[in-house]
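Each in structure tokens, the structures are laid out below.
What follows is a pair of complexes built around chain A, which joins chain B in one and chain C in the other.
Let's look at the complex of A and B:
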């Protein structure tokens, strides 16, 4: 499969009390088409920052981001992002929130609505088109967040702990939903990168897990998950992988 | 930079602004007796006309305040450099008794406008504007700087060039605070409106026709039924505005808030008639909009409009021009001050300072007495209301209406009854200050009590803690930050009240008590420029020093120790 994204020596410094703390230290890896990659690591390892660097929301102190072999400066227009706490605008209804990015790019109202309804349908938000975020449950809010990201028809989807602000039951529902969408072939999506601190979730969903250490954040593991979907959490293979990654993360803290 | 040095820098900047203000007052000090068309026809028939005059004054000032506050708040929130100078300006104007600068403002506007009536009219609008705008501008600044990080990030990601940022992000984000602060600003505005209309500049008679001057004139001519009618009209107008504008607006503004914790704020009740009225207005507006706006995409884009009307180079030029003009005006003011400074020094005697300090002391004692009386009745009432929720629900709206009466409008009435007594004006002044102070304390204390989290109350109740111990351990500490906020606001209102309350001209006869307010007026009446400026300086500096060295440290300490959010 073709290479979609490449990170080259991405380093991020953070000024703290007149000293620069190295948050990310020369992070390099590639993501290929068709891959679902999870970034896992202890809290404070800069995995969310790394995701924002890939999105172009944060400029790295040094290093570069290549998308299909072209260096990216500023917001990466081929990717889209789903936020942990949704980041919905409370004064816009579901449709308006979803089409915000299209509106900003000057897409006509008719076209905006056509696309919005397609993705509202896909993520299961029918009947909530005119609801305001405050009228929705957490799970529904994140569906809006996902639809808002997908409507931009990105090749790469970034998800920043997308299920951690939800209760366990809702989170599992939404995970299944994501897998269903991912395998449905109805999306323009080529790859997904997800940040999570939930190892089980990472193994359940992804094809590949990149483990980061903390202080400074470095890539300390790159593990392929060869299991077929749907995955059984109680299988020996699953548990072995879990123990392996868990010990890596625990070691990474020290 | 650490907090201490920022604090120090702020003090320096604020002192400079104060000096500039006093310089302004000095440069535009010109004694000129102005007689403007005053309330001539004291009849019931003319009351609607005078009320309308006042309303227009308020409306014009408010529109200016709204536009200015959005521009100011936005400018301050989008650049740290600008904020460093713009925030201290906010602080000063919010705390300094602006009424003291009213004479200077009148002279200024008369100097630049050929028509004297228009000049005074503009001065009053300007003063109402200054009483409204800072609070709103601060609201805009605060809402823009507190947009949740992830919302900002998400917005920026989906609109990387910020083409719709103004209408889709910034403007909506300011609405809840802007509406809330507008309500506060309007009651400030009413206060100043009436104050402008009944203010005595020296012995010069100027008077703007309006509801305030109607009340004042009728009281001074002993037509008490007209005075009461005037006050009643004012209350009705304020009540209707609240019912038809502010209540629906604050209801509407709730949809612009980020989160809504249940019970965080009481649902404002909007009457059926009122919502019908607004639905009707909304329909008309929408059909108008649909007629005008055919091409929907890009119409709402502030960015597009701005860039169509002003290409970026022009915008840049405008930006620089504003900066240049500000510098030029400041320079001009400094130059003018420098020119008149030597002659100013000659007009000053050391004794002026002593007189001013003594007067300020007397005024401060008046403030303190009013404050103590306020605390003595408002805290117990707030606690009673807290314990008896049912009673509070009935009492609360009544108190709110009472509080919405601008205290100064009662001044003529109170004056009418107390002026005959020995120390009559003293009593009047204290009552006036009291009416201006007590509501802030009451509503803040009650608000603080109501905000006590349920689980905290339950813990205390479950341990059987009641009575004085509950007050000491839970109610007082929990509401102390709010009480402190109320105290600061109350004193701010008190200083302004002093300025009109200590000196009054009734039918050509002057009544005055010793104090800083009357000193300002007396120095104007006797055309003593040096004394006027010294008195103004002493008063402004006193307020400034109290703010910086009493309120703020105290507030910080209380907030740190007793804040709910641990």
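Let's look at the complex of A and C:
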């Protein structure tokens, strides 16, 4: 499969008390088409910052981001983000929240609505088109968050702890939903990168897990998950992978 | 009027998530083990179980939660299939039957939210009426059985007529 994204020596410094703190230290890895990659690491390892750098929302102190072999400066229009806290505008209804980004790109009303209804249908929000965020449960809000990202028809979807603000069952339900969408072939998506602190979730969903250390954030592991889906959390293979990654994350804190 | 029982205060995603979990556990598991496994309080689990039972997707037997045939069909179905099964189950609930009757017999096939709330209050305690209304709108929207327009606060009939 073709390479979609490449990070080359991405380094991020934050000035703190006249001294520069290294948050991300020479992060390099590639993501290929068809890959679901998770970034796992202890809190404070800069994984959310890394996601924002990939989206072009934050400029790294040094290093480069290549998308389809072209260096990216500024916001990458082939990328969309799903946020942990949904990021919906309370004064807009579901349809308006989903189409906001298209409006900003100058897409006509007719086309905006056509696309909105396509993704409303795909993520199971039919019936909620006119609801306002305050009327929605966390799970439904995140469905809006996902539809809003997908409607931009990105090639790369970034998800920042997308399920960690949800209760256990709702999170489970949405994980299944993401896998179902991902394997449906109905999306423009080529790859997904998800940030999570939940190792079980990462193994359940991803093809590859990149483990980051903290202070500074460095790539300390790049693990291929060869298991077929749906994955059995109680299987020996799953448990072995869990133990392996768990001990890497624990070591990464020390 | 039928005995209009209140609806539990749960979300669709919680019900489906629990059924998905149940399927992964082989379709049957001890209720206390679910709580333990997922770090849930039994108090939080009970309304979700009640909702699944009410809709015919799961049964409780001797402390075990068991996935029904219908529940299995739902978990294995795509989003459209799920909505249809939800819709069929909802239509059998007395409280939904009542609301659908009201909507069908009203001129615009709609009713003011507050009007419906006061009707529900005649059948059940006030806080249960409030959560029942919330779940009615939530479940109804998901199943595309009823709609709710928050602008004019009208609950209306969605697609029941198509069959």
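Rule of thumb we're sticking to: the second predicted complex is superposed on the first by the 254 of 254 C-alpha atoms of A that agree within 3 Å, B and C clash if a C-alpha of one lies under 4 Å from a C-alpha of the other, contacts with A are read in each partner's own complex, and residues count from 1 in each chain.
In this section, a contact is a pair of C-beta atoms (placed from the backbone, for glycine too) under 8 Å apart; a residue touches a chain by one contact, two chains touch by 3 or more.
Note that the structure is a prediction, hence the values are computed from the model and not measured.
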{"item": "Combined model on chain A: chain C and chain B, fit or clash", "value": "fit"}
{"item": "Partner chain(s) touched by A:100 [first = chain B, second = chain C, both, neither]", "value": "first"}
{"item": "Partner chain(s) touched by A:74 [first = chain B, second = chain C, both, neither]", "value": "first"}
{"item": "Which of chain B and chain C A:233 touches, first, second, both or neither", "value": "second"}
{"item": "Chain B versus chain C as contact partner of A:246, first or second or both or neither", "value": "neither"}
{"item": "Angle, in degrees and to the nearest 10, that opens at chain A between the C-alpha centres of chain B and chain C", "value": "80"}
{"item": "Which superposed partner A:84 touches (first chain B, second chain C, both, neither)", "value": "first"}
{"item": "Partner chain in contact with A:14 - chain B first, chain C second, else both or neither", "value": "neither"}
{"item": "Touched partner set for A:173, first chain B, second chain C, both or neither", "value": "second"}
{"item": "Touched partner set for A:130, first chain B, second chain C, both or neither", "value": "second"}
{"item": "Partner chain in contact with A:140 - chain B first, chain C second, else both or neither", "value": "second"}
{"item": "Shortest CA-CA distance in Å separating chain B from chain C in the superposed model", "value": "10"}
{"item": "Intersection of chain A interface sets (partners chain B, chain C)", "value": "132"}
{"item": "Residues of chain A defined as touching chain B within the complex", "value": "52, 55-57, 74-75, 77, 80-81, 83-92, 100-101, 103-104, 106-109, 132, 134, 148, 152"}
{"item": "Chain A-touching residues of chain C, taken from the complex the two chains share", "value": "11-18, 20-21, 24, 38-40, 44, 48, 78-79, 82-83, 137-138, 140-144, 147-151, 158"}
{"item": "In the complex, chain A residues that touch chain C", "value": "93, 121-122, 124, 126-128, 130-132, 135, 137-140, 166-174, 176, 180, 232-233"}
{"item": "Chain A-touching residues of chain B, taken from the complex the two chains share", "value": "148, 150-151, 153-161, 163-164, 168-169, 172, 175, 255-260, 296-298"}
